[in-house]
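Just dropping this structure here.
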């Protein structure tokens, strides 16, 4: 699992605050685990907008970037009405992939509620897997100082 | 990741067939990854009903069994209208946990579409983590020939 | 609201049985209202497969049929583990629309749990509203004895 | 259907801006209709927080307020990446109900994208319908100048 100590100052990251919806909790009043992928998606969108690598940019360049691997680990119960902050960290890799780590915190007391990670690959418009970084993504990485 | 070869004949398992809903595919006509937790949940319910270890039984015995860890790995695109079969395998462990592995197949051609695993722990009615197997679960394991 | 007495014997209809998922109930252990559109969708798919008017057929003929109007009325609480039957009834209309009525029953005791209705229109591939019935749909209506 | 002209200046109302998630659009890149109940729920939460009538307040007073009737009408397609504003309007009624009207606008150009309405009733902790306004709700109405 991701070690948060590795998030050095020069790590690309973003944050999104979310207030838990009534529809997201289960009969124990705890967020249903199927909501984590949604929270992570919200964080990816915040990251994409901040760094110019959102879904529309990816589509506009002729690619689709589906998630092929996702994991999350529950630490403490997230309950109805709680405001959480989802931190997303870009994890550099040489492969033609986009890898993110996630940390969810309770805004009120700063406690870590959950962690996770996701991996995306690139498909072209014929749904074929792309084995090397698309040009637009390689240029984006260079621009961000990642190589 | 789960090696399917380890699913020996005496492994407790169940299956659920699911026809992909229109609402579960994204703008590429591929199942949105956030649907995998739902498919896995359907398989757990099939397992629970088959072996007498469903949520209502767990609740009735005074416990709640939230997922604390989930992962899935995409292999091939699941699309609208496809009928898939979700196989669920019980993975024995000494810890006070319920661990499952999952495999999703395309019914039409038998291809493996995705894999995954999940871990559940036990909380009592005061939301406290239980460190040893609850009696009802230990009895269930013995009855199933698991030790 | 739909009067169930109007469902005469020659009404086109279909049914789908659904067992309520744990993820579909809220903190009162009652199905969250946002699940009704999903149950209605399941019934539409059952209808579409039975009568040859499913989404893929509509797409294949060059159209998209989004819902433009939906309503539902709660009668009794649907709870976790309950098996429900969603009955769907085709309501003939001269307009270029597909209108359905829905009734949800508790399978165990036959009680009516909820009702609803939906209206779909036709868009062409340029997302333009179609004001007269597409040929394929008009032919389908004739074939079903609807005029 | 709700006539927006009736929303006079002294109408209790609230607004919530929402950016459409990738997971909320279907294979036509249009928001799936099952997302409208979620958008309306977001607006109700905004209203509840603004006027002190949120779910936790209702629960704290010993009641549950499930939706028993919901309808929505599509006007124009809401697409991925669009920022929408959901306006919610409290519709006074003498019955022991909470009735809201909704209007969804495209923030960029102010166009009306969808409308809707919802009705909630009160259940006590034994899940029994309450036929007269609970005291806390009657007091809230008086405080808001509604009666």
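Every chain is named by a letter (A, B, C and D) in the order it is written, and numbering of its residues begins at 1.
In this section, a residue touches a chain if its C-beta (ideal position, glycine included) is under 8 Å from a C-beta of that chain, and two chains touch if they have at least 3 such contacts.
Because the structure is predicted, anything quoted here is derived from the model rather than measured.
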item: Chain pair showing more contacts of the two, B-C and B-D; value: B-C
item: Taking each chain's C-alpha mean as its centre, the one farthest from subunit A; value: C
item: Distance from subunit D to subunit B - Cα centre to Cα centre, in angstrom; value: 36
item: CA centroid of subunit B to CA centroid of subunit C, Å; value: 30
item: Where subunit B touches two or more other chains at once, by residue number; value: 22-23, 28, 34, 38, 41, 80
item: Interfacial residue positions of subunit B with respect to subunit C in the complex; value: 19, 21-23, 38, 41-42, 45, 54-56, 80-81
item: Subunit B partner contacts - residues on subunit D that touch it in the complex; value: 22-23, 25-29, 32, 34, 80
item: Sites on subunit A touched by subunit B in the complex; value: 28, 30, 33-34, 36-38, 41, 64, 66-74, 77, 123, 127
